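Both complexes shown next keep chain A, but they swap its partner, so chain B is in the first and chain C is in the second.
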Partner chain A sequence: MRKMEDLISINYVKLLIIALFYTCVSCSSVEKKIYVELNDTVPCVRLLNATHQIGCQSSMSGDTGVLHVLESEEDLDWILNTGPHPPYMIVMETAFFNRSVMLRMKNSSRVSGVAVIVSKTGLAENFSPHTTCPNQNTGVYSASYGPELANCNVTAWNPLGNGLSYEDFSFPVFALKDENQTQVIRKCYEEHNLRVNGSAPQYPLCAMQLFSHMHAVTDTVTCMRRTDLQNRFSINPEVMCDPLSDFNVWSSTRPLNNSAKGHKANESVVIAATRLDGRSFFWEEAPAAEGTVSGIVTLLAAVHALQPVTQQAPPPRNIFFTFFQGEAFDYIGSSKMVYDMERNEFVIDLDNVHSMLEIGQVGLRSGRNLWMHSDPVSLTNSSVMDEVTKMTDNMQSIADGLHISLAKLNVTQPLPPSSLQRFLRVRPIPGLVLADHQTSFINRYYESVYDDAENLNVSYPPNLSPDEQLVFETEEAKSLAEVATLVARSLYKQAGGEERNLNNITADPRIVAQLLYGFLIQKNNSWFRSLLPPEVTKKGANSILSSGPPQFYIGVGPRNIGPVHSVTRFVQYIMANLTGAATNLTETQCQNPESKDLFSYFWVSGPSSVNSSGEPFCVRAPVRLAKAVSPAFERMEYGSRDYSTWTESRWKSIRARVFLVASRELEMLTLGVGVAVLLLSLMVTYFISSKADLLFSSARETPTTTY
Partner chain B sequence: MNLERIPNEEKLQLCRRYYLGGFAFLPFLWLVNVMWFFKEAFLKPAYTEQPQLKSYVKKSAMGLLLWVAVLTTWITIFQHFRARWGEVGDYLSFTIPLGTA
Partner chain C sequence: MTLAVFFGCAFIAFGPAFSLFVFTIVKDPLRIIILIAGAFFWLLSLLLSSLVWFIAVKACNGVQDPTLHRALLIFGVFFSVLLQEVFRFAYYRLLRKANEGLASISDEDGLDISVRQMAYVAGLGFGIMSGAFSMINILSDSLGPGTVGIFGDSQYYFVTAALMTLALTLLHTFWGVVFFEGCEKSRWWVIAAVVALHLLVAGLSLLNPLYEASLPPVYGITLLMAVWAFFSSGGSLHNLNTLCTRRKAEEESAQ
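Take a look at the complex of A and B:
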């Protein structure tokens, strides 16, 4: 009998477990029935500097609101004033995503969040969420250096900038990229929330919930202090923000001994620089075509064009190519390199720098014009003046030979935002910035999600396969190849190379076309795959080689996306392949070479043909990465005014979902009924247990007799 | 422990121990003391140790009230001004809430 009872109790336990299991399964399916998760969304996240926080955030448990699609001014009035179901979650087309609308929402308590449909339809003539004066306070111009030029007094470089990226929103803002999901939202809205003849829609209504709760708050000083405190005292340490950081990529025509830091005797270098990053209002969504890619592509093509000549007829001076990371955020990369040069922690120091040529935005040359920008303040120094004049004259004559109209600007205009400014802060280095704009930027979509291939007019005839598109020489590719030729020849001349070799330097439009395709259209292409290490190519879509163009937001370095940012990696490997020499080292030898002083070694996949995956080999090239993190973080000066202090907040989850909500009355009624049932059952239980003797007197005796 | 079964001298001893213990910044001991011996001190028919017990309970209650007043004031001030104090506020905090000033 006892045994039987044990068995029965075991069975009960089993039943209970199964019951629990089923409840869990069914509870998840109930969740699926209620919520539609939106997967392909891009949030706006919080960034902080020494004094401010910018970006967006939701509350800890997400912000919910009744969906309303903003399609007209009338809708705006409905949302902000008359609609009976606040708070509203706004879904808007690009056309409405501008400063005035966003600020009205920011100041209203009736808005719980915004979802922007990123599409090209209804795109405004121009849209730049950046400021009118990029990197205003960390360039060279200040009260002590050309005060009349400071704060973009002479030229507002980005006059179209509306500053949205630098606003602080207390509600979440997401971008919707997937057409299907946009359709789901629209359908839900049209079925439930549409006004009929101007009267309010009836419950149940379609609602959306956005989660993007940010951990950091106020400014970098506060967040670094708190992170520090938490790590010291708390049992459960929590990092709240990370400095924006990644790597600069550099190389030189003559290898430099990387293990010896500081001044190099008998070394004089001409620096050729461009920037490696961009940004937009949304997180990790920065195509930066004109803003950054035009420069990267031009410099890489110039590096390639210079390669054979600098080997056969090396010029007396070295040419030092560098791609600066994080320039969009107060010059992170260039300020770090200059800082290291000053403290003898870099391969060369500032005494080794002869001059500098920087490539700005060069992709939108209307009428084939290019402009040379120089710094009027340092030109008052006669030796700098002489060198700059020589440089401009040389470039001018080279441009004439190429039929490019290149003009020098008069000396009253300051430099546009450029890495050269960080060098000028410490020393009057002769330098020029090459750009397609005379005064303010031609780029109408500077630092926005629309600065993409279309903005650069990179498009392909229909019916081309991806491999045909890869090598298709668009007008833009030809144009940038010309600029690259100009840059390459100017650098060679500037490095003291002989005039007669100049004609042997010509950038290959095909390389430019491939670079443009890889950086603007599809990074997962056969050419990029052949240049990258096999472990990257094998992983395919899961690695940095996912489908689509790369994004150029710097990010917080190794924490999220492998060892290095994808663009940094691409530039590093492209440069290694374009300038390096193939060696016959094996894979292990390649990864642990005898000496890394002069060269880096890269194990790359090699070109693949139709039926084979290519033969990996080892490339030796003087291409290096150098940490790009603002010196402010090394010096722990989180309130620094001289160096970038940008950090990115951490967060737990970022997601979005759509569901139907019932009216408040119905919700309250359901809750009330639930509570009533609970109370009733308590009372019944109490009553039964107090009268148990009476109720169960006979039933109790039967089982006891069986024992 | 059941107070009913303890002789009065021991009750007094116990009450005294809790009362003294409370001075070691342990207001909860006073709270326990008050709760536990309130009946003994004020509601039970008189016995020899009762006046002493009464005084311990009273003093414990006063100490407890003082603690409550001080703590309430401090917590109110701290919660209200922590964000405004900035650096000092953070140094005074053991756990810092995420995502709020």
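Take a look at the complex of A and C:
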């Protein structure tokens, strides 16, 4: 193949190929000889809040540098001080991707970009690019509310956090995931850039170019002002940044009339909440296994466990399940819901809220321990104190029945980062946060790309087919099922349900196993496919059902795979299928039902067997989506200190390529030869044309040429 | 800094064509018309040969045999060369027919254009256009930031491509002169020789990336064609001699 490409180098062949290529693909074959495009890369992008920009960006035309693979401290010195070919494009293994190395690069002008090979080899004991105090400024604790607890003074929740995700890098940082492409880079480096006995390598050198130019700068205030200006005056407004936004998912055991907003008379709800998103240093690369999936899975399993009992013996209070989106970015989802509740724009208001149980990180229980966190400041209120005490006592007795060691924490410790804090900002609601950590997080990879299935100890015995893995009950699944049972029974009890029904509520470890498999290993599995609409499953890899686990970064509004984040969509449909009732409506009736006040209707694929694709049917369930966009954007307060102001910058292209660069001498030689040829030809042509009548006059003919 | 490569290659490939254009063509509108029309005829030949290539590739679609691809390539090259020569002949016929008409729209001073001049201008038109087509794409990629070589190709790719284009432009000019002369005098062996040499050059380019094997012979042929074109357009040793002696005489008189 290469031989053939060589042939096309010059001449007519080239023309023919061009003619062909213009009809087939618009990419020149010369470019293919020069560049190796790296397709499976993940960039770090720029995010902005009211005061800062974080993330990375390249220059407009991409940043180029000579490749150097960082393998030892010696290499670091070569890159930052002695190497003769700056700027360098650094390729590093996971082991070097830490704060000290990255900050040394940030402060050096000899670094034009970084590519991190994301792999598990050489992974440090712990790595969290998040801050030590997540959502520090938008929680409940502040100078006016428990000032001694503010800024994680009592407990640094994420002490391993190095804050890398919140640094602003002026060079691009990419993650390389594909093993083959890493191999290409390594080969190119070893062939051209390897130092021989400490001396500098000779040209041509292997180089890499990264494109990730970001349109937005400074902060959200600046960027939104520029966007608004453009919207007002430009015919083709160019948006610089978009607010991070998606949807919360909520449901309730008794359907609530969604068309009537504001206070619901005679309605008292127990909120069961968890978060729906996570993040990492890189864009759309957030597995968030312990950070988020453990909570989602537990709550979904609890919803499923509660379903039959709440139908047969409904408790006096309603149970309101909600999954908050965008909590990693200063509580986008919960602040929006609270904001809507305050303004009577949500289906219930704060007066309807009886109490709240939030599920935090529950996946890494060492010795089956769980802890109930509560807010010491609101406990000074006696009614809240009573309710919380009742709640903890109830949960404790249920946990004892399940042989789970559940402990209440002393009242000097504040709440961990949780959605409950946003409720407490407006009202002292009795609430608990269930978590597997007593003080700081057990999660050693909080909000990083390594918080994946392995971190959660979800692994399968070898030789299992995907369908067998799907239903394989790992230890983790059994453990989370226990937690889900505890959550479900506690909620039922909290909602005023009778004691004798409690033993009928048990979470199914099989469901937990399936959920874990879908959220951590492979979203495109037979179970998820049967729960989703047929149009999603038919689209296959182009839709939200691509291969691999889903990612939990919230992202911005309109996506190329549809208006709703894939995880939100999964949770919505899983909930609908777990709690809903199958109806015999046709597809059109299902999509346009007579009344949507109490229920939503979902057209789902249905379980398929080996030889049939399943029979789609209509499911009716009180599962809803609610917009999760920070109120700061609704109120146009882009510098808000109370609400999340995170936006994601827009960009034109994100790509990476590897190629060789020629030495300066060769370039100058080429130019010199070119100029010489031009001058020589000018002189010769002038000379010949001035003497043309002499030269081209034949003795036998009359002069014909008059050049 | 690959701008240097871009300009270097551009100067190499198009420097001679540019200077020829500036000193010999640009003064006379009629020559410009003939030049453009020559370029157009070359383009027509390209259109036809690309059509044939397209059909051939479509016909062999799905076959993953490298020898077949190579055979297809060789077929395409030779077919294209033959088409170009056919169009050169067609252009000659057209110019012959249009000669008087052209003369009438030419300058009033009766500075009508001779067949030899037409041959030169038409050949240059062919050369410029074919040079442009073989070089533009490479030039745009030479802007960088990368250079050829990651797959083990020679790093002199851009320079050799430019040198090849230079030779090709000149060759087309010389072939034009010789070919028209052959047509004028009905010397069919001359035409046959031009076609054969064109095929030979195209065949040599198939030797790439063995640039040592393709470039020197091509330049040898260019030199040969230059001499041939010189003689067939009315030059002679005698003329060269007079030029030299006159120059000597001038120098002597200056002294």
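Throughout what follows, the second predicted complex is superposed on the first by the 639 of 707 C-alpha atoms of A that agree within 3 Å, B and C clash if a C-alpha of one lies under 4 Å from a C-alpha of the other, contacts with A are read in each partner's own complex, and residues count from 1 in each chain.
Here is the rule we use: contacts are C-beta pairs under 8 Å (C-beta built on N, C-alpha and C of every residue); 3 or more make two chains touch, one makes a residue touch a chain.
Values in this document were obtained by computation on a predicted structure and should not be read as measured data.
Asker: After lining up the shared chain so the two structures overlap, which partner does A:240 touch, if you call chain B first and chain C second: first, second, both or neither?
Answerer: first
Asker: Is A:668 contacted by the first partner chain B, the second partner chain C, both or neither?
Answerer: second
Asker: Answer with first, second, both or neither: which of chain B and chain C does A:691 touch in the superposed model?
Answerer: The answer is second: A:691 touches chain C but not chain B.
Asker: Touching A:591, do we find chain B (first), chain C (second), both, or neither?
Answerer: neither
Asker: With the two complexes superposed on chain A, say which partner A:60 touches: chain B (first), chain C (second), both, or neither.
Answerer: first
Asker: For A:229, decide between first (touching chain B), second (touching chain C), both and neither.
Answerer: Touch partner of A:229: chain B, not chain C.
Asker: Determine, under the contact definition given at the top, whether A:204 touches first (chain B), second (chain C), both, or neither.
Answerer: second
Asker: Which of the two, chain B or chain C, is in touch with more residues of chain A?
Answerer: Larger number of chain A residues touched: C.
Asker: In the superposed arrangement, which partner chain does A:215 touch: chain B (first), chain C (second), both, or neither?
Answerer: After superposing on A, A:215 lies in contact with chain B but is clear of chain C.
Asker: Quick one: which bits of chain A touch chain C in the complex? Just the residue numbers, please.
Answerer: Within the complex, chain A touches chain C at residues 1-4, 6-16, 18-20, 23, 28, 30-31, 33-36, 64, 188, 204, 206-207, 209, 657-662, 664, 666-675, 677-678, 681-682, 684-686, 689, 691, 694-699, 701, 703-707.
Asker: Going by the contact rule set out above, which residues of chain C touch chain A in the complex?
Answerer: For chain C paired with chain A, touching residues are 1-2, 4-5, 7-12, 15-16, 18-20, 22-24, 46, 49-50, 53-54, 57, 66, 69-70, 73, 76-77, 80-81, 84, 111, 114-117, 120, 130, 133-134, 137-138, 140-141, 144-153, 155, 157-162, 164-166, 168, 202, 205-206, 208-209, 230, 233-236, 238-240, 242-243, 246.
Asker: For the complex, which residues does chain A have touching chain B?
Answerer: 57, 60, 213-218, 222, 225-226, 229-230, 233-234, 236, 238, 240
Asker: What residues of chain B sit close enough to touch chain A in their complex?
Answerer: Chain B reaches chain A through residues 86-87, 90-91, 93-96, 98-101.
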